[in-house]
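Same chain, two partners: subunit A is paired with subunit B first, then with subunit C.
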Partner chain A sequence: MTDFYIVWKNLTRKPLRLFLTLFATFIAFTIYGTITAFQVAWDSGVNLAADDRLVTVNKINFTQPLPVSYVNKVRAVKGVAAVTQMNWFGGYFQDPRKQLVMMAVDAPSFLEVYDQVVLTPKEQEAWIQDRQGLIAGEAVARTYGWKVGDHIPVNSNIFSQKDGRTAWDFTIDGIFKGKTPQTDTNSVYFHYKYFNETKSFGKDYIGFLGIRTTDPKLNEQVIKTVDDMFANTPFETQTVPEKVFNKGFIEQIGNIRLILTSVVGAAFFIILVIVGNSMVLAIRERTGEIAVMKTLGFQSGRLFRMILSESMMLALLGGGLGLSAATGLTWLITSKMPQMPPLLMTHSIVLQSLGFMLAMGLLTGIIPAVNALRLNIITAFSRQ
Partner chain B sequence: MTDDHLFDLKGVSKRFIKGKEAISIFDGLDMTIKKGDFLAIMGPSGSGKTTLLNMLGGVDQPTGGEVWFDGKRIDKLSEGQMANWRAGNIGFIFQFYNLMPMLNAARNVELPLLLTNLSAAQRKKSVTAALELVGLADRASHLPKEMSGGQMQRVAIARAIVSDPKLLLCDEPTGDLDRNTADEILEMLQLLNKEFGKTIVMVTHDPSAAKYATHTLHLDKGQFVEKDLVA
Partner chain C sequence: MKLLSQIWVVIVMNIRSLPQRLWMSLAAILAVTVVVAVLLSFLSMANGFAKTLEGTGSNDIAIVTRGGSQSELNSVLSRHAVNAVSVAPGVAKTADGQPYYSAELYVVVNAIKKSSGTKVNIPLRGIDPIGFTLRDHVKITAGRMFQPGKNEIIVGQKVLGQFSGFELGKEVKFGKSRWTVVGIFSTGGTAFESELWADARTVQSQFRRGDSYQTMRIKLTTPGDLSGIEKAIKADPTLNLDVKTEAQYFAEQGQALKNIVRVGWAISIVMSLGALAGALNTMFTSVASRSKEIATLRAIGFSNVSAFFGTLAESVVLSVLGGLVGALMSYLFMDGMTTSTLGASFTQVIFTFELSPALFEKGIILALLIGVIGGFFPAWRAARLPVVVAFRNAS
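The block that comes next holds the complex of A and B.
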C-alpha cells in the first residue's frame, strides 16, 4: 500500500459523487477544448498571415474596385518582391445558398505571393496553361466531391457574362493542400484573364492587391510609397499588413473572442464551484479519519499533499476525458463540415488545458487541504 | 525516575479557556507508569480521564509541568516531532474502532507501517502476524462494513500492535461491544500485557473491564482518589 493507493481509495469511495464531479469536469473541458479549437481556427487567418505580405484595397472600403493597371505600378516600387491582383467572384456551385470563397487571380504571381497554396508541379503547370482552369482547396473539393479533370459550371451572384449567363465553365486542374494543417483550404481560384475577358461589366478592374515585400522591415516604406503613389486619384488606396487586414475582416463579424471567452469562463466558474463544494464536503465528512491518521503519526504536511493529490487527480481525470472528447468532437466537425476552418487540438490547447486542470485541482483542493493541515486532533474527536 | 518507569508526569497542569472562563482540569498532577503495567483509569464524566489519556498519547500538551517517557522529556516536542514519537511508541485503540472504511482489514492494519522504512514484503509479514494474533487472518480482505463490532475492534488492536509500540492506549475499548465480545477483547489485551509485555493504559467506565487490569486508578476532579501508583 502507498499514499497513492489511499488517495485513490478515497477518491473512489463514493462512486455516484465521483461520477457526478467527473462528469462536471468532463463537460467543462469538452467545452473548453472545442471552443478554444474554434478560437484558434478563427485566429489562424491572423496567426498564419505572413509578415512580409501586404494587402492594398480601395481607400473607401474593400468592396470598391481598383484599376488593374495598379499591379504593374506597384510591382515597380522598391522593396516589392511580387504582387498579384485578386477579385471576389461571389461564386456558388449548384445551390445559391452554398457560397464559395472564390477569387479571380493571376496564377503565376498569385502562387508567388501566396506560398501557403501547395500544388504539385504537374497541377501548377496544368493550371497556368489552362485558361478555363481552376484550383480548389482540398476542403472544398471534399465537400462537393470534385476531382482533377472534372468540368464544372460555377455561378456568380455578382457578375454575368456578356451573353447574360451567370455561369462560367471550368476545368479542375488541381486540388491544393495547405502549407500547415491550420491553413484553410476552403477556397477556389481561377484565372483573372478568363474572368476579365468574359464578364459583362467592370472590365480591367480588380478587387485588391496582394504584395510580398523583399523584407518585412521594408513594409512601412512600401505601404507609404504605394498609398502616396495613388493619393489624390479617383482610386486612392489603403495598404496594410496582411495580419491587420485579416484581423479587421474577422472583427467585422463581431468580437468572437469575447463571446467565446465569456461562455468558457462562465462554464468554468460554475464547474469550479460545484467541484470545489463537493471536495470540501467530501473532506469534511472524513474529518474523523484525518484525525485518526494524525493520531497514528501521519504528519500534517503529508495529509495536506494527499488531499491536494486527490483534487488534482479528479481534475486531471475529468479534464483528460473532456479533452479527449473535445479532440474527437473537433475531428468530427472538421470531417463532416469541410466548409469550416479546420479545428485542431493543438499542443498549445493541450498545454493550456493541462494548466487549467492543475489550477482547478489546486483551487478546489486547497481549502480542504489547509483545513486538514490545521485540524486539531482533540477538536476533531470531540465532533464525532 | 528509574529504568522501570515508562511514564513520569511531574506537576502536570492542564487549563482550558472556555468563553471568558478558565477551566483547570489538572493542577500539579504527579504520576508514574511502570513498564509492563496494565492500568485502568476510571472516574466520572469530566474527571479528566480522556484528557490524561490524550496527554499520555501526545495528542494534547500540558499547560504546565513535565512529561517524561522512557527517560526522555516529550512535552516540549514540536507537532511534527510528536507525530514521529507517537508513530514509534504508541498504539491507539478507540471506542468506535476508527478504521478507514475504504480499506480492508489488512490495509487498515498496514496503515501505521507506512510511517516506517519497512519494505512491502516486510509490511505484509507484520500485517499477517498481527492479524493472526487477533484471530482474523481469514478476514484480511474484508472491509470494516463486512465485519462485526468485535471483529472491527480486533482489527483495531492488530493496527495498534503491528508496529510493536511500547505502550497501548485504549479509550473505552469495550464501550461499544456486548459483554461476551467485550470480555474477548479484554482477554486479548490481557494476553498482550502478560505474554508480550505491552504496557497498557485503559480508560473505562466499566468496573468489570477494569478487573482485567493489574492496577486501577480513580480520577475525580483532576485528582487521583487512590494513591497506589501516584509518585
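The block that comes next holds the complex of A and C.
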C-alpha cells in the first residue's frame, strides 16, 4: 500500500464533496484560462507590433487628415525603408451597425510596410492590377462568406461618391492570412487611387502614414526628422512607434486589464475559500484516523506531505479540467465568432495556470497539513 | 397551522445554530458576495453609461446628420443642406422670427487622461452662440461665454475632473492654433459636459472646414414631431440626410456598452456555478452535522417537511446575506465612480457608475437562486433521512 494509494482513497472517500470542490476549481480555471486568452489577444496589437514600424498622424488628433504629398516627402528621409498611406473608410457591408476595419491604401507600398498581410503572389498581382479590387482578411471573409472573385458593394458612413452614392463596388481579389496565428485578420484593404478619384470631398488627403525603418535603432532619428520637417505647417505631425500607437489606441477604451484581472482575482478568491474550507473540514473529520496513523508510526512529515499531496491533486485535477474546458471554449469562440481577435491557449498561459494550481493546492492544504503535523495523539484521542 | 409552526421552529433553530458551522457558512456567504459584487459592478458600469447618454438627449430637439453616418463625427453637412432644412416646417422660430437652430462641427482633439496619463480623443464642438440655449439646464458656472470670432473655448465641467490642462484661463494648443479657456459650463451631468465648445465659424476656419458643418440641432415646434423636416428632406433630391430627435440619437449611443452587460452576465453566471458548488457543499455538511438533531426532531413527531424547509431556509439566508454584502460592497466601491470610455462618436464619454434599485434587485435574485438551488438537494436529503440510520451515523 503506497502513500499515493492512501492519498487517493482519502480524496475519493466522499465522492459528492470531491465532485463539488473539483467543480468549483474547474469553474475558476475555466474563467482564468478564457479571460487570460482574451487578454493576450487584446494585448497582441501591442505585442505583435513590429519594432521597425512607425505611425505618423496629425498632431491635433489621429482622426484629423494629412496631405497626401507627405508620403513622398517622408520616403526621402534617411533611415526610411518604406512608407505607405492609409485612410479609414468607415465601411460597412449591408448592416450599418457592423463596422468593417477598412482602409484605403497604396497597395505596393502597403504590402512592403505591413508584412503580416500574407497573400499568394497570384492574389497580390491580381489586386495590384485591379483598380476596384480589395483584399479581405480570413476572419472578415468568414464572417460575410466572401470568396475570391465575388463582386460586393461596400458602404461608407463617412464618404460618398461624387454622384451622391455612399456605396462603392469592389471585386475581392484576395483573402489574406496572418503571418502568425495570433495576427488579427479582421481588416479589409482597397486602393487609395480608386477612393481618391471617386470620393466627393477630402481629395488628396490621407488619414495617416505607416513607416518601416531600415533599422529600429534609427527610429528616434526618423521620428525627429519627420516631425521637424512638418513643424510650423498647417498640418503638424506626430510620429510614434507602432507599439506606442496601438497601446494608446487600446487605452482609449479604458483599463480593460484592471477589469479582467479583478474578475480572475474574484474567481480565484471564491474557490480558495470554498476548497480551503472543505479541506480543513475533511482533515478535521479524520482527526482520529490521523492520530491512529501517528500511533502506528507514520512520521509527522509523511502525514504533512500526504495531506498537501491531496490538496495538490485536487487543484491539479480541477484546474486541468478547467484549463481543457477553457481551451475548448476559446477554440469555439474563435471558430464561431470571426469578428473576435483569435484566442489562443498559449504555452505561457498553460504554465501560468500550472503555477496557480500549485499555489492553490498549497494554500488550501497548508492549514490542515500543519494541523496534522502538530496533532498531539493524546488530545486527539481524548477529543473522540 | 401545526405544520407551519413546526417549520418555523426548525428554521429558527437552524439559523440560531449557524455559529456552530461558522467557517462553512462564511464560505458560502463569501462566494455569493463575490458573485453579486462582480455582477453589479458590470451592470452599474453599463447602466451609468447608458443613463448619462439617455439623459443627454431632449425630445424637443431634432438632430440632422448625413444619411447613414451613424454618429456626429462621421457626418458632413453643406451650407446648402443646413439652409434648406432650416426653413422646413416644424422648425421653431426665435423671438426675432429667425429659424431656431444651431449648425455644429464635431472635431476630435487630443487630451491627457488624468488617471492613466495617456492621450485620448475628446470632442471640440463648434456651435452657433444660439446653440448654447438648445441644451437643457445649461449654464456657465465659472468665467464667461466664448466670443464669436475669437479663439476661445468653454469647457464642460466633467472634462476638468478627467483630463488635464483645461483649467479656466489656460491656453490650449490644437496643432498650430492656440485657444484660451474662458469659461466652464454645466448641463446637469449630461454627456455634453465631456465636451469643449467654441464658436462654429472660428472652428471652421481654424480646422480648414470651409463653410461645411457636421450636424444641425433644431428646436421643434412640437416635441417629438419630425414629420415636417422629414418631408422637406424627401422633397429635395439633393439632400441625403437622417433626422432623429436628440433623445433617440443619444439613446442609441447609450447602447454601446450593451456587450459589457452580456459579458457581465456570462461571467457572473459561470461564477455563480462555482458559488453554487460552495453552497451545496456547505449545506450537505450542515445536514450531515445536524443529522442527529434532525432525527431527534423526527422522533418526537416533527414532519420531514419541516426538515426540508429548515434546511432550505438556512441556505437561502446564507445566500441572501452574501448577496446583500456583495451589493453593499459594489455600492460602496463602485457606485459614483467616474471614468470615461470611447463612445460611438470615437471620443471619450465621461460617466459615473450607477447602481440602481433595479440592478440591486437583479443581484439579490441571483443570490436567491443560488440559495434555493444550493439548498434544495441537501434539504431533500434532510427530509428523507431515515431516523434510525441518522441516529446510528451520528453517534
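In this text, the second predicted complex is superposed on the first by the 384 of 384 C-alpha atoms of A that agree within 3 Å, B and C clash if a C-alpha of one lies under 4 Å from a C-alpha of the other, contacts with A are read in each partner's own complex, and residues count from 1 in each chain.
The rule is simple: a contact is a pair of C-beta atoms (placed from the backbone, for glycine too) under 8 Å apart; a residue touches a chain by one contact, two chains touch by 3 or more.
Since this is a predicted model, take the numbers as computed values, not measurements.
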Based on the shared subunit A superposition, would you classify subunit B and subunit C as clashing or fitting together? fit
Go through the superposed model and pick first if A:Lys243 touches only subunit B, second if only subunit C, both, or neither. neither
Just checking: does A:His191 make contact with subunit B only, subunit C only, both, or neither of them? Give me first, second, both or neither. neither
First (subunit B), second (subunit C), both or neither touched by A:Ile6: first
Tell me which partner touches more residues of subunit A in the superposed arrangement, subunit B or subunit C. C
So in the superposed three-chain picture, is A:Ile377 touching just subunit B, just subunit C, both, or none of them (first/second/both/neither)? first
What is the contact status of A:Lys199 with respect to subunit B (first) and subunit C (second): first, second, both, or neither? neither
Does subunit B (first) or subunit C (second) touch A:Pro234, or do both, or does neither? second
When the two structures are overlaid on chain A, which partner does A:Arg53 contact: first (subunit B), second (subunit C), both, or neither? neither
Least Cα-Cα separation in the three-chain superposition, subunit B to subunit C, whole Å, stands at 11
Subunit B/subunit C common contact set on subunit A: none
Which positions of subunit B touch subunit A when the two form their complex? 54, 57, 59-60, 79-80, 83-88, 92, 94, 96, 98, 100-103, 107, 110-112, 114-115, 123, 159
Which bits of subunit A are touching subunit B when the two form their complex? 1-3, 5-6, 9-10, 12-13, 288-289, 292-300, 377-378, 384
Quick check: in the complex, which residue numbers of subunit C touch subunit A? 23-24, 26-27, 30-31, 34-35, 37-38, 41, 66-71, 73-74, 76, 107-110, 113, 115-116, 118-121, 174-176, 207-208, 212, 240, 267, 270-271, 273-275, 277-278, 280-281, 284-285, 339-342, 346, 348
Can you list the residues on subunit A that touch subunit C in the complex? 16-17, 20-21, 23-24, 27-28, 30-31, 58-61, 63-64, 90, 96-97, 155, 157-158, 160, 164, 166, 201, 232-236, 248, 251-255, 262-263, 266-267, 269-271, 273-274, 276-278, 280-281
